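Each of the next two complexes has chain A plus one more chain, namely chain B in the first and chain C in the second.
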Partner chain A sequence: MKNNRRSFIKLAGIAAAGLAIAPKAMAAAMGGSAPIKEDPKGITAKQWAMVIDTTRLNTAQGIEKLAKVCHSVHNVPFIEGKQEVKWLWPDIYEHSFTEQENPYLADAVKKRQYALLCNHCQNPPCVRVCPTKATYKRPDGIVDMDYHRCIGCRYCMAGCPYGSRSFNWGEPRDHLDLAALNKEYPTRMRGVVEKCNFCVERLAVGKLPACVEASNGAIHFGDLNDPNSEVRAVLRERFTIRRKPSAGTEPSVYYII
Partner chain B sequence: MLEIALKGSKRYYGWIAFLLVLIAIGSMAWLDQIVNGLKITGMGRDVSWGFYISQFTYLVGLAASGVMIVLPNYFHNYKPNKHMVIFGEFMAIAACIMCLLFIVVDIGQPTRMLNVILHATPNSILFWDMIVLNGYLGLNLLVGWVCLQADRARLPHPKWLKPFIYTSIIWAFSIHTVTAFLYQGLPGRHYWLTAILAARFLASAFCSGPAILLLVMMATEKFTTFKMPRKAVTTLVKIIMYAMCVNMFFFGLEVFTAFYSNMPGHMHPLVYLFAGYHGHTELVGLMWTFIALAAVSITLLVTPKLRNNLKLLPWTLGILVIATWIDKGLGLLIGGFNPTPFHTITPYWPTAKELLVSMMVYAIGALVVTILFKIATGVKEELGQSQAMACGCSTEDECDCTHGCVCTEECTCKEA
Partner chain C sequence: MKMHYGAPIIVGLVIFVGALCAPFVVGMAVTKTYKQPELKMPANEKECVESKEFMREKHMQLLNDWRDWALRDGKRIYTNHAGKEFTISLQNTCMKCHISKADFCDKCHTDAGVSPYCWDCHIQPEGLK
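Right, the complex of A and B next:
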């Protein structure tokens, strides 16, 4: 009897250990990746980055045009007022580059509008504070979101020093033209946060981000870790600044001034 | 012991019915929020936390403050507090419940709340806040209930409880520290980005919390036979006085650092709150009210004659509670979000529905306090501990009322 019980406990222990190991063993057998077939056309990087040429892209209309493309590709609802949702938008120098102001700024720089979006920070506070990993950093440096895991606590919005994030205060689908939805990208439900995702869904199939594609070359996009990439070439040649360098977030969006 | 909560006067049931009505009214607004989303609130893209989270913050202070009664009793063997301890613990339970409810009503997808545990993320302070708040709630439930039950059976408190009691005392400090960390670790919010925030939170908690507790206890005295020992009250009021002075001192440190250094990021939120910024002066009146009321309450507290005037005391405490509430339950949050990351101002004011939902949570808290205090005072009455005497003293007050005197501020019987 006693023996029996002991061997039963042993067996149960082994079974439990097996259960714990099994998924890992399976994952190892599959090469450690999720069982998703990757598109061979997909493009990858160590740290995706963007360089925006503000000498070329600097009007509200020009940026609004790109925002329209972005927002329709990602089914971003159009809401007016303080509960708006936006991924990409124009703003003036003083609002964009706070703490880097200068009362005697060159007229040209002062008159420009600047394209603002999530900076896909290398040190993102939004990821640090998220209690569910719904906001997370991908191996390619993009700060992405899982809309199905987000609990809507909005800690990430308090954490982001750039005001890059929007919350769906109400039902976003009420503010979308349901007939004109992009079926390739999900709509969101109420109560979750969203923001620019550097078009991860397009990179996965070998396309550049929608705004880059529509910018006629005014936005450069590439791998910051590759010295031969387009963005590194531009950064070597042109003078660039980033938003709020003092926050220590290391933004991956650069602005040519 | 729960049966004590069921036996009550008409007035007791009337009060409970009143609270239930408030809860019912508030829950209508909450249902509306569940159906339509948080768009019914005054929050927005720039001020993304509002009244709910600021009430949560203020109430964490109330939860932590019970320790100002418990600590002298256990660490300093200060026995006049002996019969007050249970009320500090029960108040903490109600405050913790309100805190958790304010989080629940604030989040956009409450049904996914368990993700915080299922996908535990220790680098998020919110994860730790969940742990410390629930832990503190559990500790107080355990300690409060076991002690009261032992008291009722006229048994000494069980020995095994000691470690839990000491843990809960240390834990009280942790809940408000972690809540401050929620704010003070964010790189872009200058009003919060200050090492003294946790200390300021604790200081403001240790004055406002005991003040609220005393006010509730004074009301309890009106409806029960319970009477706080005079020594316990005067000691607590002294603690409140010191904590309020420290609180305002810390605030002064903030002001000095911001303006002497002339760092724009540090100055702007204060300028917005106290003088207006970019033509926005929404909060100026309120913030100066806070300063004025804080000054009045400190004056009333530091002057011994006024401090010991029991008639004046409820007013003093009330003024203090309003002052600290404006500071921490309103200004702290709005000043953190304004100026926005774009150096603009987005005014925020809660909507009526937001206030109704908050009323629901406060009414639930009041209900919990009522029931728990009913039980505690019931047990104290059975045991004849800390009861009101005809002269106005408490049975704990070393007063033998054989002289038929009336004790007002001090026990005068012995002299008579």
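Right, the complex of A and C next:
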């Protein structure tokens, strides 16, 4: 009997170990991965980041021009008033850097308009609150959206401290110039939230984001985790601030003041 | 044995059984006259992403996987069973060969009575009006 109990416990131990390993072994035996790979033309990073030089890009006009480029690339509808949809937009200092206000700000800083967009936070509250995982953080740090999955609950809009998200109250196609659409990119439908996606579709084919390309060097873009990247070089040399640092979201968009 | 209200009951039963079987009879007639929809195949391309049978039965699963791979994993190149590579994109890959939604997608979807919502957001090659 003694021997039997011993062998039973041994067997149980082996079985438990097998159960723990089995799922992984099965996955490995079945090939383990899908028949997909990254486009070799694409550019990748650990955490994409943007540095906006507000000494060079600081007029509503200049920012609107970039917004127009962005919105036409991504088929963003033009709606005036409360139902507006925006990926990139200008605003004043008090609205942009609410925690860093100062009654006697330098005139130059006070007069400037600031280009605002999704901050692609390292700790994004919108991702945490999304009940369907329609919005998620990609391995390259971009906070992206899967519009197929968005149910329009707008938790992410409540969660985002930067107002970077817009809701499609109506059919966005009613407010688009259908003849001038970018046919390489989809539109959205009524009832989903949308926002800047750091041009993932352009990065995937090796192009820089549309606003960066159109900014004549006023916007720097690169990998925050790479000490030799363009953004890190700029951050080392210039004084920069971020929006609402106390929210703890760790924004990836920096502003040179 | 005499049956009370025999005639109306028999007539009623016949009508009932007839009504019960009617859908099958009508269905048989429809099946005989049914013609498979004729799709307009791409002119310059003979091979799709996968085999014809696979695409016919499983294009929805493929599109489902493609969406997650491209959006979430950021992997936008798909290698098919023959080893050929394709860019994962409905608008920029599928619809570059199938140049008409009306002559291709809609034919079977209308026939099968399904209405996928792809085109609520994606732009069909014909453009929007």
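Simple rule for what comes next: the second predicted complex is superposed on the first by the 220 of 257 C-alpha atoms of A that agree within 3 Å, B and C clash if a C-alpha of one lies under 4 Å from a C-alpha of the other, contacts with A are read in each partner's own complex, and residues count from 1 in each chain.
We take it that contacts are C-beta pairs under 8 Å (C-beta built on N, C-alpha and C of every residue); 3 or more make two chains touch, one makes a residue touch a chain.
Given the structure is predicted, the values throughout are model-derived calculations rather than measurements.
Q: If we overlay the two complexes on their shared chain A, which of chain B and chain C does A:159 touch? Say first, second, both or neither.
A: first
Q: Examine A:184 and indicate which partner it touches, taking first as chain B and second as chain C; both and neither are also allowed.
A: A:184: touches chain C, not chain B.
Q: In the superposed arrangement, which partner chain does A:170 touch: chain B (first), chain C (second), both, or neither?
A: first
Q: Considering only touches as defined above, state whether A:204 meets chain B (first), chain C (second), both or neither.
A: second
Q: In the overlay, answer first, second, both or neither for which of chain B and chain C A:95 touches.
A: Only chain B; A:95 stays clear of chain C.
Q: For A:236, using the defined touch cut-off, is the partner it touches chain B, chain C, both, or neither? Pick first, second, both or neither.
A: After superposition on chain A, A:236 lies in contact with neither partner.
Q: Give the label of whichever partner, chain B or chain C, reaches more residues of chain A.
A: B
Q: Touching A:42, do we find chain B (first), chain C (second), both, or neither?
A: Once the two structures are laid over each other on A, A:42 reaches chain C alone.
Q: Chain A residues touched by both chain B and chain C?
A: 189
Q: Could you list, by residue number, the parts of chain A that touch chain B in their complex?
A: On the chain A side, the touching residues are 81-85, 91, 94-96, 98-99, 125, 128-134, 149-155, 157-163, 166-171, 189-193, 244, 247-249.
Q: So in the complex, which bits of chain C are touching chain A?
A: Listed in rising order, the residues of chain C that touch chain A are 65, 67-80, 87-88, 91-92, 117, 120-123, 125, 127-129.
Q: List the residues on chain B that touch chain A in their complex, please.
A: Checking each residue of chain B against chain A gives 36-39, 41, 43-49, 103, 106-110, 112-113, 115-116, 119, 121, 123-127, 130, 182-183, 185-189, 264-265, 336-337, 340-344, 346.
Q: For the complex, which residues does chain A have touching chain C?
A: Spelled out, the residues of chain A in touch with chain C are 34-39, 42, 44, 75, 136, 138-140, 144, 146-148, 173, 178-179, 181, 183-189, 200, 204.
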